[in-house]
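In what follows, subunit A forms one complex with subunit B and a second complex with subunit C.
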Partner chain A sequence: MKKEDTVKLISSDGFEFIVDKEAAMVSQTIRNMLTSPGSFAERQHGEVTFPEISTTILEKICQYFYWHLEFASGKDREFPIEPELTLELMMAANYLHT
Partner chain B sequence: MSNHHMKKHFPIEAFKHKVIMDPNIAHENWKIIEHAIHQIYNHNANAVACEVIYRHAYNMVLQNFGEKLYSGLVATMTSHLKEMATSIEGTQGDSFLEELNKKWNHHHKSLQMIRDIMMYMDNKYVPNAQKTPVYELGLNLWTEHVIYSEQIKTRLSNTLLDLICRERVGEDVNGELIRNTTKMLMDLGSSVYEQEFETPFLQVSAEFYRAESQKFIDCCDCGDYLKTVERCLDEEMDRVCEYLDPSTEKKITNVIEKEMIANYTLRLIHMENSGLLNMLRDDKYEDLCRMYNLFCRVSDGFYKIFEVMILHVRKSFKELITQLERSDDPSEFVQRLLDEQHKYEKIINLAFNNDKLFQYALYCSFEVFTDF
Partner chain C sequence: MDMYIRIKRDKTTYFIRCKPSDKILDIKEKLQELIDQPVNDQRLILPGTGEVLEDAKTLADQKIETDAVVALTLRKDDNEFEEVNIVRPNDFYQTRDAEGGNW
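Take a look at the complex of A and B:
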């Protein structure tokens, strides 16, 4: 992955996930942060910090991004979610507009 | 995202952040957001961490403080817009439009950034509370506090019209500046464009072309006058392309058609030594074509040409026949009649676009007389 095509997503515990911009922009919220006309701090440094999202959840979200890019058009695959994560995942999805 | 069936019993944990927000916290949240908006308007957006502001706005909406957030946004944007209006009002002469455009671009850009950080409110609070979405709100506030500001409203219209008037008499003006301004007005809504620019523009143009046509009709012959009309139409088309909204094209064209053509159709047709009959007699195809095309644009124009020409054709056929009835040479008679018919056929072909009505009328006229 080229550096310019990636963005760093940082969880509340400081864990850094480096993902493709294309994947991250599955989240409308992240898309706005990265494509807004002015340059917010995030775009300048190429990283977004989420102090309210735990590492486990953020990891799942990142997996979802890639799953979405690949499988969202078809209906034959389900995105696997461990039940204990459901609530937090829903909140995060709402927050990230995903 | 869909669930699998539960495999084990799991504890539901409390949310990491507070569930109920007290008004003081809401107020603190708002202060942080307000500060960020100030930063954006003060050209300091890169000091703003989008996620932080987004999250604060998100929390406010989630905890039912959407109303406070929205009204705070309105108040903050309004105060910045009033500042901008004051700055624009203070400009002298030609820098007025430049400053207006500069501030508009800045506001527009800031507005988009604000819309992005307020996305959660836009999606969740705004529809439920039936408020205007952020982007539209920003446009409306700009219109209200800048465009409609007492000192700017008329100055804006007058400045634009003045520039166009100067260009019409040959001065060089900054087309790009005008273009950006009219584009801004259209972005604010077609009614704003119409009220603040288009309607006064059409009025001033009507007065201008009324005066122009009076000037030219007195000193030009028919052919030259029509050439002038064509030139004026071309000029206004260029103007529309260069810095007006395309929707104005039809309207300004109508103005010229009314002031320069409709008011003078009969006078032009019957103009001594250069009117329609002279053009027909001398086979002035180009002039006839121009007259046909221009007159077709106005409601009676076509019929006035038609009427005069057909009457003339019949009269000339009749005269021809009377003359030749006295002659002893029938073949010459037939030839000259055919020549006459051929002459008008050519005119209809080259100048009147093979107009079916003309062709038919000519055929009928000819028919009547060949029944002899």
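Take a look at the complex of A and C:
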């Protein structure tokens, strides 16, 4: 696991989640930020800040990325979502094209 | 992909892909790449019980499953390890705790 293969996702209150790029790219929005040529600062630093996503939601999203990879490799495990997170999670998922 | 664990210290969480047969030492070596701290200066602890995870044991030995949270502590300047310190976000969890207190 190389540092260059990871990306740091930062929540609205400054919590940091270090995930594999492959996992983060489950999100089409993050994929675009990390792969489009040109000047996205995100691409150079391997860091993306989400001022509008709270820590709990961002962690849930990261868990979802990995759940997605597990699922793609044939593991069938339920993805738990607490009811109180549902609305905010849907809004974040919509923004991230996830 | 077999599984992943969440390694937490302070306000940072590392998502680490791994296998049940990986030894704790393997996990520390993966972390070393990310945090520039040698394996000997890392200590991994189960946050629930406070149990220190031994290098030679595997994740399966320690009953660590996918999505588990493991605390990371680092050696301080005085050669001792720091205490477990995981900062919880105070968005959703706090409201839940507050509700619990009223019941």
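The working rule: the second predicted complex is superposed on the first by the 92 of 98 C-alpha atoms of A that agree within 3 Å, B and C clash if a C-alpha of one lies under 4 Å from a C-alpha of the other, contacts with A are read in each partner's own complex, and residues count from 1 in each chain.
Following the convention adopted for this analysis, contacts are C-beta pairs under 8 Å (C-beta built on N, C-alpha and C of every residue); 3 or more make two chains touch, one makes a residue touch a chain.
Everything quoted here is computed from the prediction, not taken from an experiment.
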Give one word, clash or fit, describing how subunit B and subunit C relate on subunit A after superposing.
fit
Touch check for A:E84: first (subunit B), second (subunit C), both, or neither?
both
With subunit A as the corner point, what is the angle to subunit B and subunit C based on their C-alpha centres after superposing, as a multiple of 10 degrees?
140
For A:S36, using the defined touch cut-off, is the partner it touches subunit B, subunit C, both, or neither? Pick first, second, both or neither.
first
So, does A:S11 touch the first partner subunit B, the second partner subunit C, both, or neither?
second
Quote the smallest CA-to-CA distance from subunit B to subunit C in the superposed model, rounded to whole Å.
9
Please report the subunit A residues shared by its interface with subunit B and its interface with subunit C.
54, 82, 84
Counting only contacts in the complex, subunit B reaches subunit A at residues 1-4, 6-7, 10, 12, 15-17, 40, 45-51, 54-55, 58, 109-110, 112-113, 116-117, 119-120, 123
Subunit A residues within the subunit B interface of the complex
12, 28-29, 32-33, 36-42, 44, 48-52, 54, 64, 78-84, 86-87, 89-91, 93, 95, 97
Subunit C to subunit A touching residues, read off their complex
1-4, 6, 11-17, 30, 33-34, 66-67, 87, 89-93, 96
Residue positions on subunit A within touch of subunit C in the complex are 1-3, 6, 11, 13-20, 23, 54-57, 59, 62-63, 66, 69-70, 72-73, 75, 77, 82, 84-85
